[in-house]
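Residue numbering begins at 1 within each chain, and the chains themselves are lettered A, B, C and D in the order written.
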Amino acid sequence: MSQETVVLAYSGGLDTSCILLWLLEQGYNVIAYMANIGQEEDFEVARKKALKIGASKVVIDDVRKKFVNDFIWPAVSAGLIYESRYLLGTSLARPCISQGLVHVARQEKAQFISHGATGKGNDQVRFELSCYALWPQVKVLAPWRIESFIKRFQGRQDLIEYAAHHGIPVPVTKKEPWSMDANLMHISYESGVLEDPAKPAPDEIFQMTLHPQHALETPCKLQINFEHGIPLSIQNLTEGGPVETDPLQMFTVLNQLGGQHGVGRIDIVENRFIGLKSRGVYETPGGTILHTAHTDLETFCLDREVLRMKTFLRDKMADYVYNGFWFSPECEFVRECIALSQHYVTGWVQVELYKGSVRAVARNSQVALYNQTLVSMDMHGEFQPEDATGFINTHAIRLREFQRFKTQLEDSHI
Amino acid sequence: MSQETVVLAYSGGLDTSCILLWLLEQGYNVIAYMANIGQEEDFEVARKKALKIGASKVVIDDVRKKFVNDFIWPAVSAGLIYESRYLLGTSLARPCISQGLVHVARQEKAQFISHGATGKGNDQVRFELSCYALWPQVKVLAPWRIESFIKRFQGRQDLIEYAAHHGIPVPVTKKEPWSMDANLMHISYESGVLEDPAKPAPDEIFQMTLHPQHALETPCKLQINFEHGIPLSIQNLTEGGPVETDPLQMFTVLNQLGGQHGVGRIDIVENRFIGLKSRGVYETPGGTILHTAHTDLETFCLDREVLRMKTFLRDKMADYVYNGFWFSPECEFVRECIALSQHYVTGWVQVELYKGSVRAVARNSQVALYNQTLVSMDMHGEFQPEDATGFINTHAIRLREFQRFKTQLEDSHI
Amino acid sequence: MSQETVVLAYSGGLDTSCILLWLLEQGYNVIAYMANIGQEEDFEVARKKALKIGASKVVIDDVRKKFVNDFIWPAVSAGLIYESRYLLGTSLARPCISQGLVHVARQEKAQFISHGATGKGNDQVRFELSCYALWPQVKVLAPWRIESFIKRFQGRQDLIEYAAHHGIPVPVTKKEPWSMDANLMHISYESGVLEDPAKPAPDEIFQMTLHPQHALETPCKLQINFEHGIPLSIQNLTEGGPVETDPLQMFTVLNQLGGQHGVGRIDIVENRFIGLKSRGVYETPGGTILHTAHTDLETFCLDREVLRMKTFLRDKMADYVYNGFWFSPECEFVRECIALSQHYVTGWVQVELYKGSVRAVARNSQVALYNQTLVSMDMHGEFQPEDATGFINTHAIRLREFQRFKTQLEDSHI
Amino acid sequence: MSQETVVLAYSGGLDTSCILLWLLEQGYNVIAYMANIGQEEDFEVARKKALKIGASKVVIDDVRKKFVNDFIWPAVSAGLIYESRYLLGTSLARPCISQGLVHVARQEKAQFISHGATGKGNDQVRFELSCYALWPQVKVLAPWRIESFIKRFQGRQDLIEYAAHHGIPVPVTKKEPWSMDANLMHISYESGVLEDPAKPAPDEIFQMTLHPQHALETPCKLQINFEHGIPLSIQNLTEGGPVETDPLQMFTVLNQLGGQHGVGRIDIVENRFIGLKSRGVYETPGGTILHTAHTDLETFCLDREVLRMKTFLRDKMADYVYNGFWFSPECEFVRECIALSQHYVTGWVQVELYKGSVRAVARNSQVALYNQTLVSMDMHGEFQPEDATGFINTHAIRLREFQRFKTQLEDSHI
């Protein structure tokens, strides 16, 4: 029987290096797949490492543009936010990486995909549901859920010894007492010392953003243009400079500015799909700026009742995405509905970044439902004030009836 | 026929002073009602003014404790926020004031209630729906919707002339080019120069909060205790001092601290109930701190699916309250449901205030659904990692089926 | 000043005949507009009557095809049902008629539209909101809300006398002690003796359907084909005959069959938009058959989670339509979303009509998410039964945690 | 090591008899648990059979009253209906049986619970989630998901041979080519010949209801009284007889009457929790009558907006219950909320049963929001018709604005 091929989502770190070797030991041909999704990484060092361990091939896939255009932009226009606070940086990256994994696996006629996500987390679900949705026939090897693997590697020390024993370079610095995951959109931190939600997170964990106290002293005012709910360009009104219009470049600049002003840090306990609560610390500088600006413009542009429906769709979609259902019929459907809702979300918003916060301060749209003439207190215009009387009185019918009813009820001693 | 009595919601300002006089001219006996709802006001000066104009009686009603206990606290525990941003400071005050108006009107056997709210705004709706719900038989006189009044007073200048002519003291300082409404929870600013949403609001409008750039240099860490979702006590961890437990005192201290740290300013365009969009600028220092803290604790304490239901109820209730339906069967029902949901929301949250932002940094609860042992990456505990395989595979059935279906569909050229 | 023109929604009955004359008396030039929306009516008799009274023109507009294609079909594919029971026959007709009214008014350069709907009902709202949405500048004359009209015509007897006095033919038969409104989709009955909800409706009111006890003795089996959620053709499997494919013809045949089998009668108390509860009796034979069939096929074809979202949209849209917001941004948006959801709702359903009921008994689709091989108890196929273990155990985590939490809570006496 | 004890949900049929024996073979001490939940069954025959096979004990538990009071009544008052059609008869029975299983297991100090539900169905989930929620420490043995069991028993024939070989009485009649599950509330039929949804179900499957064509010729009118949303008493208005007030007796009578009139048959394809679609045929005579009556009374009694919220809660709860989450924090929460909503649902409904259908024809409540005086077309009462003008005009603001906006948009060629 010919050797079976596995495409492994490889990070270059200790875990996936050991998994690579372990898969080879199980008799698989292993292709290491690395997505460049915006994380800080020396991909060439990682490539050499994977080849040295025994990967038959290493694919380094720059998915950053795809990540911005196909995942971050839709999330911004949808206004996705999980449990009122988390902007879903990791949740959005997983289906993007999965697309690459499946693409390479099909191309290489591999039957298996493997990853190093653990058995209690969300990422295993996101990777696997994405892969199964994109390619129902694929098989997944998740070593952290395979009994023989788990028994062999009961702690980090086991991995280090295994690596050292087989000549895999072992990290020389002591591991930070937390884990992190980085991409263009955010860095997430969890586990280790962060597992006690009653203890504030150490200041030193953050890498994309300055602490608000050490952020720039001067506020920065930005103008962000949207077309149909999608960021079109940004302009630094405080410092001037060029108008950015390339999506990846725009997002990169927003990350830099947000980072310098300490924008986008949150410390939360969230509900994982598998039913556990976990503490996560996140920094999402550019995403936070865009979320603030888009929310502002959308409320400005959309009819109230359309906004209500869109908000409902937004909350459902945030759950779909968090839970790993980006590639699902329901997420596809809701994404299309939300895109319809964004038809009129075109205009600009000015936001101010300062010492950890971002606030919308002005907005405009060439055409908008906002009608200054109509709302002005100084003009009656076509508005008849007496109409409000009928409006109120008619809405009051139901309330008066309820009061009458309750009085009747009390009087009848029921 | 005997003279009819009107209870007028009196502010001491130019508009309601003119309305008072106008009502007297129409032959009513007028009782001026002033609610002390936490606004900065010299009530005694206002009392004298009202009596001088001709009010038969002036009632000054300190409703601050009621406002905190019966309106702000339920709003905090419900997590009320309108269109994702506005904490409903004015919307909550109106039903509270209406209670006082109705109480006095019944006591004084007045058939009428009157107010100075304009014909395009939300407040007329909130006042009147509240009054009608509390006392279905009451009649409302809303001069800004009465034709003869509107024709006589077409602009501010007409009011000034009318006041001057009748010896009502006229403000000597030039009116600010915007209007404001203050209470314990917030100050709102709108109209005038604020009507152009593309122009940032002038810095000088704010009165409760320092500009973030001029806020205190040192962050402040607070601990807030909640019991069943209601604030129980607060403690300034940075500066020490007493643990505050009196509701009004707690809220006052939070306002002061929030104000010193520039917390709680927003600049938004919102959707009014009557169908207009309007630009509003708000500062809600204490309310913003409590909203942040409560949201954090609630997500920590509630089961995920209960949280989803509660969030849906929250969003509906925010609309009810904004639209003036505090005293309605639906709001009463949802309030009771939300109170049920808060049964387990007991514990503390630590928040940090700094230069315009407030962030939760730690939280705890004596008993909580959060289970550090279970979530820890270092322990398997009673969790079987292989269970996740079945969980994922089963969730994948639907996604794989959908993919199969779409392929089949393409192949069949339908 | 030149005479102003009113387009009056004219029914040929006593009320709108009197309104026509009254409008002429007020000095208007009146064009009578009659929509043929499927009601039983001698339009030529009505035409002559209107001209005799003094209408300058009578427009008889056959909108039946438009009613089916643009209103009934979208309602069927949306699955619209108000308060779980009412299929919205009148609510759908009003915006359709309003389109015709506005079209004629624009064409004739009339500034006014008038109708005979009363001041407590839903129809005034539906007519006027539709007209205002389609043509914001139009003015509406609603005599039943105009003081001088109401005072003059305080009861039906006043109308009869007015008519007799002016030579308007007066109905010779005694009016039925209820009112009715008919169109292609249904007949509704309300008011009069029906106002007591504790008294069953008289059997003799119904006109489209036989009483179930007098319905045909033999069941009728129909096959209904849908494409993208829209009825495509129907076939009478019991009696044979041609396959109907013309929309209007299909609906007419369904009405006949439904009527012969006593299908589609309901007797309900519903919540009107203006805040009253009213008792309505409806017969909707064809619509009930299509609703049953479409619901069956849709559940068969749609992914579960898409179905959940669609059901939410359905319920919102039913409220929009009932309340008169067919032509609104929110209804337009939701209609487009629902159309997206119907992409895969293609196939047939067999229903059986018998003595008042209609039941789906079989359904198929050339391609469908239903997978007989997969669901069969006799085959394991690609389904691994042990996956269900992990699925259940993982879902149980949250429930077990909650139990642990409650026990802990009890033990700690909190 | 001492022998471990299993409590087996025993039906007396072939499957659970073989499971009983198989568990004994695996070395377990087995207690057979049979819930009398209203199914037709000779419990004493089953008891003897279980003892003969080797059960150490047989517990026959009459849970019928509990089933009605704690499961059916709450479902009726909640208005639970799954995917618009299924009244959840099986879904409600499973948590009720699970309570009994857990009670016996705890009493008998058994660590294990076992059941005969298959690996693709909903019932395994419902049993196990209920058991885990009630007793987090329990272990479940689900033989149809245990590899050795599945391999041994690949088809019905294997079970028959195994039974015959071990002297277990084997059914002498040929098995029906479908499976069924019966309880007090309904009988469900699925699998076998029913797996083809394009073929109508055979007429002979039904056991609780007559075919509508063979149902009684005379309609039956019933009056059902509810208090706080719970059935209080029933009375046969057509035939007279006693007023039933005992819950179990009431439900039994409703089943008989519904059965004689052919009420409550449905044939649907539904979405299972595990992601498959399956065809189910159900007969729910009494439940259908109560659902119809309760829906009618509730719409009559509840304020419109409370009804909207309750309907949302209803739909969520139906999913919870269908999916097996009866004992979950979310279901408990929603159940309490719904109970609050039912406070005013007190009154009676008259329904008519005839040849397969049940229709509400009259309803009343001693106190009710329905206000005949107010709604009557013949009286103006305290209702001012001109108020409707302002109501409509104000609601039209948003629609006119949207039209203005779209025109502006077209003119600006954006």
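Definition applied: a residue touches a chain if its C-beta (ideal position, glycine included) is under 8 Å from a C-beta of that chain, and two chains touch if they have at least 3 such contacts.
A quick note: this is a predicted structure, and the numbers were derived from the prediction, not measured.
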item: Touching chain B and also chain C, the following chains; value: A, D
item: Chain at maximum distance from chain A, centres defined as averaged CA atoms; value: C
item: CA centroid of chain A to CA centroid of chain C, Å; value: 43
item: Between chain D and chain C, distance of the C-alpha-averaged centres to the nearest whole Å; value: 31
item: Shared-contact residues (touching 2 or more other chains) in chain A; value: 274-276, 303-305, 308, 325, 328-329, 369, 371, 374, 383, 386, 388-389, 391-392, 394-398, 401-402, 404
item: Complex interface listing, chain A residues touching chain B; value: 83-85, 118-120, 124-125, 128-129, 132-136, 142, 144-147, 150, 155, 179, 191-192, 195-201, 212-213, 219, 265-272, 274-279, 295-296, 299-300, 304, 307-308, 311, 315, 319, 324-325, 327-329, 350, 354-357, 359-364, 369-372, 374-378, 380, 383, 385-386, 388-389, 391-392, 395-396, 398-400, 402-404
item: Residue numbers on chain D that touch chain B, as the complex places them; value: 274-276, 303, 305-306, 308-309, 312-313, 316, 320, 328-330, 333-334, 336-337, 340-341, 394-398, 401
item: In the complex with chain A, residue positions of chain D that touch it; value: 303-305, 344, 346, 366-369, 371, 374, 383-384, 386-395, 397-398, 401-402, 404-405, 408-409, 412, 414
